[in-house]
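Multiple structures follow.
Each of the two complexes below includes chain A, the first together with chain B, the second together with chain C.
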Partner chain A sequence: MMSAVVATHPYIEALLKGHEMPRGGISWLDERRAQALERANALTVPTTRDEEWRFTDITPLTKLRFRPARATPQLAISDLSRFLAPEATVHLTFVDGVFAPELSANAGLPYGTVVTSFAAALHTHGAVIEQHLARHAGFEKELFAALNTCHLRDGAFVWVARNRKCPTPVQILFVSTQQETVAYPRILVVAEAGAECTLIEDHAGLGDEAYFSDAVTEVAVGEGACVRHVRVQRDARAAFHIATCAVALAKDARYASHAVTLGARISRHNLNVTQQGEGSEVRMDGLALISGRQLADTHTLMDHACPNGRSRQLHKCIVGGAAHAVFNGKIVVRPGAQLTDSAQESRNLLLSGKAQVDTKPQLEIFADDVKCSHGATVGQLDQEQVFYLRSRGLSPNRARNLLTYAFGAEVIDRIPVPSLIEQLGEMVLARTQVVGDA
Partner chain B sequence: MIRPDAKVLLEVKGLCAKVGGVEILKGIDLTVRAGEVHAVMGPNGSGKSTFAKALAGHPSYEVTGGSVAFDGRDLFALAPEERARRGLFLGFQYPVEIPGVSNSAFLRLAYNTMQAARGKDELDPLEFDDFARGKMKLLDMDPGFLDRSVNDGFSGGEKKRNEILQMALLEPRLAILDETDSGLDIDALRVVAGGINHLHGPGDAVVLVTHYQRMLNYIVPDYVHVMGGGRIVRTGGKDLAFELESRGYDWVRAAA
Partner chain C sequence: MSSVLENLVNQPYRHGFVTDIESDTAPKGLNEDIIRFISAKKNEPEWLLEFRLQAFRHWLTMAEPKWPNVKYPKIDFQDIIYYSAPKPKKLASMDEVDPELLRTFEKLGVPMNERAKLAGVAVDVIFDSVSVATTYKQKLAEVGIIFCSISEAVREHPELVRKYLGTVVPPGDNYYAALNSAVFTDGSFCFIPRGVKCPMELSTYFRINTESSGQFERTLIVAEEGASVSYLEGCTAPKFDTNQLHAAVVELVALDNAEIKYSTVQNWYAGDENGLGGIYNFVTKRGLCKGVNSKISWTQVETGSAITWKYPSCVLLGDNSIGEFYSVALTNHHQQADTGTKMVHIGRNTRSRIISKGISAGQSNNSYRGLVKIVPRAENARNYSQCDSMLIGSKCGANTFPYIQVQNPGATVEHEATTSRIGEEQLFYFASRGIGAEEAVSMIINGFCRDVFQQLPMEFAVEATKLLGLKLEGSVG
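Up next, the complex of A and B:
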């Protein structure tokens, strides 16, 4: 089915024209895609005149030429080994948006844990998917979520049954390989009551291609369940990455997000967490390490909709070259969400005179018995620390790298996957060397 | 130990330096030979710490006149890290806290940098930990210090021990210890001073910058210099320190 409606922007038009509506013969899914298509056609491309996009000009994205993906290249697992965490014995790989079973490993999971592609899961877990898919990440007002949803063809499905624990971290790797193509990564995680799992969502570029990745992740955390969500965005330096993650927490649920942004020319990460039950606990850690002319925008929304919720957020940006980091952290405490305990910290390190950070805490509190704090700092490397290290024989570059690494380590060291701590630590050191020399 | 024929490690002539546009050092002369221990004393504001930091190359201290030869080389032609690699060590009055960098990683990095500069073998993390633990025993330090961030949350005394631990690891030819005694209780002072004595040998020299005489009960200086108004106003033997202790510094202000 092709769209008959004229899109509001030539690039969007190209994206919509280029795609044929997937048809699976599942009526609820077809319906959701159709609704999303309607919204994608109606919504306009955000500009810096929109408050939510004030600092992020995505004009370069709309100038990207659009080319439909060609046949996916033949990749070997050895091409991907540098991305895969050894602990994640279960992993699914998507190449340019297409599920690659030959590059995935999801056998041997215990009863009560499912990690598979939508195509397979729709047959076995159709009801769960229907209940959650495109139900948490709204696309009414969000163009990029609408685009992703109307293109919904394949994605990763992670399900952990009541009181079960997924024994190994699950890695979902989206690897992009082709110039000027678009991929729509999609993940749905459902942890039933009392369940527990660790997810590694990984967006990686194999080369230097300029492509567009438009991702949506939905996470439903059941009563008393626990989901740890590591997110690594290491797309190609010329790529565009726009992602939305929507998380819904039931009573006493726990959710921890560890989001690391390294790649893409322009990236945007929306993380929306809603406490839909009492007593849930949230940690949101973020680290953006960018340089050159990169722009990394993180928008988070912590929605305390129920009493006794607790949230802790630490967002850090390390900005070198002429790069630009944006952080907008909104915390809403709804009427009745009494005894909410929320703390947000935004800490930013500028490594050059041309680097820029815009950080904006945004608190909207409608309950009177709550504890909410926030703080933001923007600074440069401490010259006394640099001198101390130099006085012990370290070169100025080595000293700056070590201090920059230390700044990022606070976020990285809390990632619940040891090999990723090591790998990301090395990447940060390597990247700061580049930044330091720039 | 004074040996008139020992090698001159440090030759300071007419050193002048500014901090934030204000001239603090107004012509310092000092000669330090291998094997010697010098104490640089003086009232607050006399320029002791400025002297120490200028020698180490702190960027806030601008040298405006005079010359310093370190081991026969023009010290001011060397960047701070090059001074360190050639064996100059500054024990900081206020050691800097570096959250997020583990003490063991920092110490190993510094040690291996120095080893590489001397053309010697570097140590891997396991070898280094063993080596460092041996040195820590000397200073009565808990090995747990290795796992903590550099000076982060250390007490004043712990920070000073960590400085001397670095001295023990880096084996400098000239150690300038800036108020190492401040913040140490009497037991800690004895341990730290014992460590310094143990580390000091005929091939190297120590310059103790201190306000009080008490450390000199444990580390006996060959020379005592009294600073006032940015100059050395008097030089004597170890007895001069006792004289200062009883007379105070008022006369120095008058002399400067």
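Up next, the complex of A and C:
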């Protein structure tokens, strides 16, 4: 089946041009791709006139003609070693959107844990994939999720069986290497009831190419299960990164997200978490560290659809140069979701005169017996704290760097992977020293 | 818990009577002829007619805003009476005011004479669209304060009106401001000359009386260098099953070292318990802190209207200027409110403070929407915002949409929001001290709103406390 490309927008048409439906011969998958293609054709590129994209102008992205990578370069595992966390003995690598088995290691997992590519998993876990794939990340209104879904060829599949625990963190690494290419990274994580796992989703650029990464991640957390999701976006500084992550929580499930945004010229991260069962618990941490002319946009949606849910969110931005950070954090408490306990904090540090922050915490509450709060602050380093450190003999720059590092460390220190804490901590220190001089 | 809450919610509207006064009414509909008719009726100068027509032409090119978090059927702007004035128009003194009208005000609890004498309040009463009487004018004139209806100001002080009208809210600012600029019929004008501290609280009273009439009043307050004024505004409307439109524009201008305090108690008819009827209150209010060290403070108690859509704002242009916004918004039954403020920091060392308290009951929906914007040149700006919501019952909604846009690293912006309800435990605590549920609720709500009520002038604070009590009577159990 080859659906016609009749996109309403020339940019979308260019992206879809030459788009051939991957023929898996699996009817439900073909159907979902076709639906997504239909939506991609019908939707238009969001502009700053759309409320959801008000502060994020993606015109530079639409000016570049991206195409999927034709051939992927031969990489050696040593090229990637700086990205791979030593704890993650299990890892899958995708180069320019294509699965690279020679750069992956998924052997030796205990019974009940599967980490593999969709292609391999469709034969063994077809029913699970059918149940969840493209079911959580809606593409009805989201152009970039629709584009990802209609290009769905391969992706990473992580499955943990009932009451099993994946012993090591699982790292999924997406590396982009080529100029003006577009990749559609895709992850599906299913933790069955009582299961537990830690996922490291890593988007990295090898050089400084301008490429476009349009990612979708879906996480289904079963009853009483626990998923820890570390997300590091360290794409090339000229790249574009737009990602959607949809998380569905069953009764008493736990989910923690630790998202660190460092790279890309323009990046957008949509994190939508829905509590579909009672008593689930969510932690959402985010850190955006940007400088130069970078723009980092984080949109989160915490949907309390059931009673007794709990969520805690801390989002921090460190903005230097002429960079622009955007945060929109929406908390919805649906009718009947009584005894919800939700708190959100947005903290923003401006390091230079041209840096800009737009933050919009948002509460929508339709139940009366709830505890909800949000707070937002924007400011610079506290002069008294700087003075205190100077009185201890630190130079003004060192004092400021240390305080900036500490500001970011609050998020980084909670990441459940020790080597990443160290690595990211060093990156923050290095990066803030650069922006700190501005 | 529910029975007291429900009773509280089911309080009848006390101001829902129609006063039978002959009125001078324009035909329904809106076109350039109607605007010319309004302008001619009011003997307006050519420039004002031109101002109206330009606004109207601009309005025709605009689309109704869709972003507020409110739902209502499409308004037919051709089905509205744009001019409705009580007939005996020219009044030399209070004695000549239609006794029926005076009785109306008595029913409303606004005894003009009494209040004027005892409380020393000068009241400018706007009935439907035309100002009927202004009390205490003489006394104000002695210190050089001009306080009159805007139509009178156009006649007597055209140079002042022309200098400031539309400078804070330009005619094309937004859909309803453009509509207002085209068809506004009356409103208050207040001018405090250099160095004068207004010796009394100024007050305007609005009332919509004719069914299917819209009220489009325009208020302009100018405080010159070093002047200060406190201004109060109250609103009511009779019960009708149809919805009425109220699209007002209020402009405040504060020059160097001037201070304007603007307080509103809004109790327009909110519709019945099934959401039938009520006022659509779509208002643009904006203050310009034009001079250095100027201060504008908005205080509002919003309890009425089927739909409230307003954002009293401050543009902090002068260095060291201060903007404040204190608000209590109460919604009940099917009321919808999307209200908040905008603080735009432009000058250096500007400060703003936002305290917003939202109370939702019944099936109502109450949204706070606010903007704090610090432009690149606004060095050392400071903002503190707090918006708290309280929910009474499980069918209402409370939303907050604070936008914070910071483009200067020297700024310090803080925003806090919480949501809570009147808990069983709190009521139990009161009960254990021998205080009944109803009184307990009233005390809790008064405590919840205290930060705002403290900002109101004394009589208004008492009125507001009573109003909230009435509105919520019996809604807790």
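Points worth noting:
Going forward, the second predicted complex is superposed on the first by the 430 of 438 C-alpha atoms of A that agree within 3 Å, B and C clash if a C-alpha of one lies under 4 Å from a C-alpha of the other, contacts with A are read in each partner's own complex, and residues count from 1 in each chain.
We take it that a contact is a pair of C-beta atoms (placed from the backbone, for glycine too) under 8 Å apart; a residue touches a chain by one contact, two chains touch by 3 or more.
Computed from a prediction, not measured in an experiment: that's the story for all the values here.
When the shared chain is aligned, no partner comes close enough to touch A:177: not chain B, not chain C. By the touch criterion defined above, A:388 lies against chain B but remains apart from chain C after alignment on the C-alpha atoms of chain A.
Contacts of A:348 after superposition: chain C is touched, whereas chain B is not reached. Comparing chain B with chain C, more residues of chain A are touched by C. In the superposed model, A:362 lies in contact with chain C only, and not with chain B. When the shared chain is aligned, chain C comes close enough to touch A:51, but chain B does not.
In the superposition on chain A, A:257 contacts neither chain B nor chain C.
In the superposition on chain A, contact of A:406 is made with chain B only, not with chain C.
The touching residues of chain A, when paired with chain B in their complex, are 382-385, 387-396, 398, 402-403, 405-407, 409-410.
Residues 67, 374, 376, 389, 391-421, 423 of chain C are the ones touching chain A in the complex. Taken together, the chain A residues at the contact with chain C in this complex read 51, 55, 335-336, 338, 348, 350-380.
On the side of chain B, the complex with chain A involves touching residues 56-59, 79-81, 83-85, 89-90, 92, 95-96, 98-101, 106, 109-110, 113-114, 117, 149, 166, 170.
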